[in-house]
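Shown below is the structure under consideration.
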Amino acid sequence: MTNRIITFREAINEGMRLEMRRDPTVILMGEDVAGGAATHLEEANDEAWGGDLGVTKGLVREFGRKRVMDTPISESAFIGAAVGAASTGLRPIAELMFVGFLGVCLDQIYNQGGKLRYMFGGKAKVPMVIRTLIGAGFRAAAQHSQCLYSVFAHLPGLKAVVPSTPYNAKGLLAAAVRDDNPVIYFEHIAMLDNTGEVPEGEYVVPLGKAEIARPGKDATVVAIGRMRGFALQAAEELAKGGIDIEVVDPQSIVPLDEDAILSSVKKTHRLVVVDEDNPVCSMASEIVSLAAREAFGYLDAAPKMVTAPNTPVPFSPPLEDDYIPSPAKIAAAVKAVVS
Amino acid sequence: MAEISKDKLLWIYERMRLIRDFENQAAALFAAGKIPGFVHLYAGEEAIAVGLCAHLTDRDFITSTHRGHGHCIAKGVDLNPMTAELFGKATGSCKGKGGSMHIADVDKGMLGANGIVGAGGPLACGSGLMAKVKGTDQVTICFFGDGASEQGTMHEAMNLASIWKLPVIFVCENNGYAQSTPAHYHASVKDIADRATAYSMPGFTVDGTDLFAVYEAAGEAVARARRGEGPTLLECKSFRYYGHFEGDNLSYKTVEEKAKYEERDAIRKFRERITERGLVSAAELDAIDAKSAQVVKEAAAFAEASPYPALSEILTDVYADA
Amino acid sequence: MAEISKDKLLWIYERMRLIRDFENQAAALFAAGKIPGFVHLYAGEEAIAVGLCAHLTDRDFITSTHRGHGHCIAKGVDLNPMTAELFGKATGSCKGKGGSMHIADVDKGMLGANGIVGAGGPLACGSGLMAKVKGTDQVTICFFGDGASEQGTMHEAMNLASIWKLPVIFVCENNGYAQSTPAHYHASVKDIADRATAYSMPGFTVDGTDLFAVYEAAGEAVARARRGEGPTLLECKSFRYYGHFEGDNLSYKTVEEKAKYEERDAIRKFRERITERGLVSAAELDAIDAKSAQVVKEAAAFAEASPYPALSEILTDVYADA
Amino acid sequence: MTNRIITFREAINEGMRLEMRRDPTVILMGEDVAGGAATHLEEANDEAWGGDLGVTKGLVREFGRKRVMDTPISESAFIGAAVGAASTGLRPIAELMFVGFLGVCLDQIYNQGGKLRYMFGGKAKVPMVIRTLIGAGFRAAAQHSQCLYSVFAHLPGLKAVVPSTPYNAKGLLAAAVRDDNPVIYFEHIAMLDNTGEVPEGEYVVPLGKAEIARPGKDATVVAIGRMRGFALQAAEELAKGGIDIEVVDPQSIVPLDEDAILSSVKKTHRLVVVDEDNPVCSMASEIVSLAAREAFGYLDAAPKMVTAPNTPVPFSPPLEDDYIPSPAKIAAAVKAVVS
């Protein structure tokens, strides 16, 4: 069974299912996560939604409506309730349907969830997970296609992970649920149908550990989330031209595995950061800044960033396609830094 | 029954028909892969947008929702750029940059569909405030769903509009669901309009499939706002024929529930009533039907034939030049 | 008048007295430059916190506000670490990292003062949800101000608590002002408790300077919550003796308004009532007075004598070790 | 009168007053900006508040309650109302009392105000200003002492200015009001009583233009807001030791005057960025990243950042004092980069 291939969506679902089996204090809430149907049709409706994209589908059947709760469109209330519940003994998973909705509930996330422990002098813990959709490519336009994880990375007290494969999606979910801090878990909408090998049982991909997705010697390409796959595609193209890149996938952005990134840069002497988020005050800038400050003497060329432009996400399909960093743009940036 | 001129009756019928035809066509175009992204259809709720907007001029404003096509059409937005916008074409109302969820026409007073549930409440207070500060008699209608009523912004907006006596009409389009979640689960009151007392404003619940009921209640609310007497909360109970968005399996609705829709159909009821009373002839309405079918088809052709925006458009319109 | 045991009466008197003495001392310490930052005093509102918390045990929870000292004391938080926290000392409830606006004692069920108006509503739903999921009979009281009632979070929280039947009591401490802005301006209803109908929950407005009125209404609301019957909205009308924060010039209050405060004083009224009825003796209360004066003075001395935290403390407590 | 010395607070107040005189569509709203008193005491109450820190004091007397409006504690509603009013013909100034409250109203700021124009294909404009308090040093603890402007800088569609002197406070306010975009105007709480020379009449300090606060040749110190003064203090100390730094004050962070920063770096070959905001995904990282990408060949040493630590703001006075970047820390960083 080690070769079992499942989707990203299934991997997240399984990750939640196993954690909920393991620990009865893990609960799940969000808009339509139980699918509404359960409230007025028979409980065992197989067709019930599991969130907009079916990620939580079926969990209400196994765990019941006491542990899998539909919520009103009241993000402040239910995410704040997750904070309150976490600090008094549960380990809630709250689904913020799209990260673009952070603007209606950020206070409960960053000023409450992210700071209670510090403000209380360490006398509280807030073990909770916020799962949320990110990413362009779904023709969902400016308010439903953002990444925005750089905003969360700026705010102390929160942890943040951006899974990039079904395998790490499941393992990072387990790590996030078991962590005693608020962890924001970013699911890329355009990756949910991607497939990959995922073991059946429980396992943890630890927070704060990068993965070398591809070893290489000519340049370091740090690629976050969906960009990992694009960087690997670029790597194949580049390899044909004799350029051998190392692809580093941070997996967690908070805490960030600075050592892994710096070691790679010190080895390859060149850096390209690939990130779908907007560029200013972003993780991409952060990683470039890190390398400039901590590996300055090792850099043989100016580092480069391949990111979305500094604009909202346009709706029109050709515009949106061009908005997203592509393997071709990554390859071009690598060629520029190695030349 | 409110007295409505024949011209107005024909206008109302035409707008409702256009909305229905537009939405049915949009469903087909979505199924055919021509309209990308999230598309939320308004079919079934036509009497609300039209019954309200019948009292407005181009100088008045509306704020809308993710389910905004009906509001656009009721407010007089042209169907060609609307359809082109759904396609993401350069000729769209927003040059293709917004799509269905952000369709807008500020010149017509349509301040935008909105991807954020409940976001229209504060914006409506803004156009209301503008009218108040400038001393005009412009009014703003804020459309929002039953689900949106649980969003904090709506509470804040209704309180603000009340204490500032803003010329805003809050219209809750209660179609019974927020996505798959039924209103009887997500709302702690049976009638959202009952919350009007929490803001010391008049509140009414009407049958949102009955054009005349909507029109009459709307007329009072709009007149009150124009007189500077402040906001009203008007709840219109209705249903949607389609899923929450296209692609929705509708698993959360019972067969019995769906079976009642035809009977409650707003357009059919309106048509029967005005023809039975001899206010207009069936022939006149048939002509509108034919015209409407034609107009939406042409709009689709226009959209289809239009070019996509140039890639350089990604970078424009972020900021206005100072 | 609810029947209250003599022990409880003495406890109530003691807690109210402690709050008053604590706040008067805090005002003096602030004026003397010993307490830095924003300090919002609760003097005048003692009957609310105490009348409510009299029904709780350490296992129950409260969420609080920027004006949190009274809630802490009513919930049984120790005065030494409280005072040290106001000074920013290492011995403070939060090791000096929180200060007046973030004072907390989770072990005592005090889930924190809060610098963000209205933020306690959602948090209270959380501890309420915990109790419900775990099947305990713990209740949560959410204290919030009249000003906070216009924040969207409170609307969302009350709706959520209602549909989930959470064991939460929403207590609106209506002291007539949000900073310098009077409630009759910022609120679109006269009695905030009237908004309870918007959430299908019981709502009551009581005189928040009348301990017995608060105690009785609180008893019913707490019992209802413990029975699993869901939330209640309880509005307690009161006033604050001090400014919004220390340093406030109180320019927004009339002389006549302030002149009525002594007459409405909660502690004086409570004392008169229980002594006149012979429930307790003046001597017993005098002893409490003396003890209270002593306790707060000792707390100040404790705070003063305590060291500041080490600078290395800046970097700790951001994250819990996994 | 050219030598008139007034406070930062007075400069902002005067800036608003002049703009409101000039343009009747400019209105002001926020919590207690008119001071509440006006609603039930005589209109002409001299003692009425003008916001928590008196910045708007007196404006209601001149312009009346129709143009200077107290609001309920409903930040989403009144900031959203500013967006709606701006897109239909007014030029509102909304006061968000403390930037730490962004979490209850960010959606109206970034998803509405910041994006309407783009989403509507350029067919709307949103000329509005949000004034808000930033900064530590007031013993106001974790939720009332933040900078957070890096979050706004990350979000396309917003402009952002951080005045650093009474002079530019007044001129940037005028520029912000006259700009046709949403501009966030950050007022540092610990600077309101600072004084400086301010001309009486109208003038504009343009958005997007940095100022060389002190020319120098040995290192570039980019210092934002309050840090400008600290950098200038450090400069005096350093000058005694023969180190001559150039202090660049961006004034606007969006748009950022990249040319001015890069020119300075290309001249001095060394860079220190000083910023009171938290460090990760911050303006400080952004500027280091900019220099590393665009002036790599000119840098003779690894750039450095002097920022607040990556923690919430502690309450305790000695902790808070140590939390804030100081002239001494700036001087130490400069010494390290020039050595």
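Going by the order they are written in, the chains are A, B, C and D; count residues from 1 in each one.
Everything below uses one rule, namely that a residue touches a chain if its C-beta (ideal position, glycine included) is under 8 Å from a C-beta of that chain, and two chains touch if they have at least 3 such contacts.
This is a predicted model, so every value here is computed, not measured.
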Of all other chains, the one whose Cα centre sits farthest from chain C: B
Whole-Å gap between the CA centroids of chain A and chain D: 31
Distance from the mean Cα position of chain C to that of chain A, given in whole angstrom: 40
Between chain C and chain B, distance of the C-alpha-averaged centres to the nearest whole Å: 45
Chain C: positions in contact with at least two other chains: 92, 94, 96-98, 102, 114-116, 150-153, 156, 159-160, 163, 185-187, 318
Chain A residues counted as touching two or more neighbouring chains: 71-72, 74, 76-77, 100-101, 103-104, 107-108, 111, 118-119, 141-143, 156-157, 310-312, 314
Arrangement of touching chains [line / ring / star / complete / other]: complete
In the complex, chain D residues that touch chain B: 25, 27, 66-67, 69, 71-72, 74, 76-90, 92, 107-108, 111-112, 116-127, 156-157, 159, 178-181, 207
Touch list for chain D against partner chain A, complex: 76, 100-111, 114-115, 118-119, 141-143, 148, 150-151, 153-157, 254, 278, 280-286, 288-294, 296-297, 299, 301-305, 310-312, 314-315
Contact footprint of chain C on chain D as seen in their complex: 31-32, 35-37, 39-41, 45, 47-49, 52, 70-74, 76-77, 100-101, 103-104, 138-144, 309-312, 314-319, 322-323
In the complex with chain D, residue positions of chain C that touch it: 36-38, 88-90, 92, 94, 96-99, 101-102, 114-118, 147-148, 150-153, 177-182, 184-187, 249, 251-252, 254, 308-309, 311, 313-315, 318
Contacting residues of chain C [partner chain B, same complex]: 150-156, 158-160, 162-163, 185-189, 194-195, 197-201
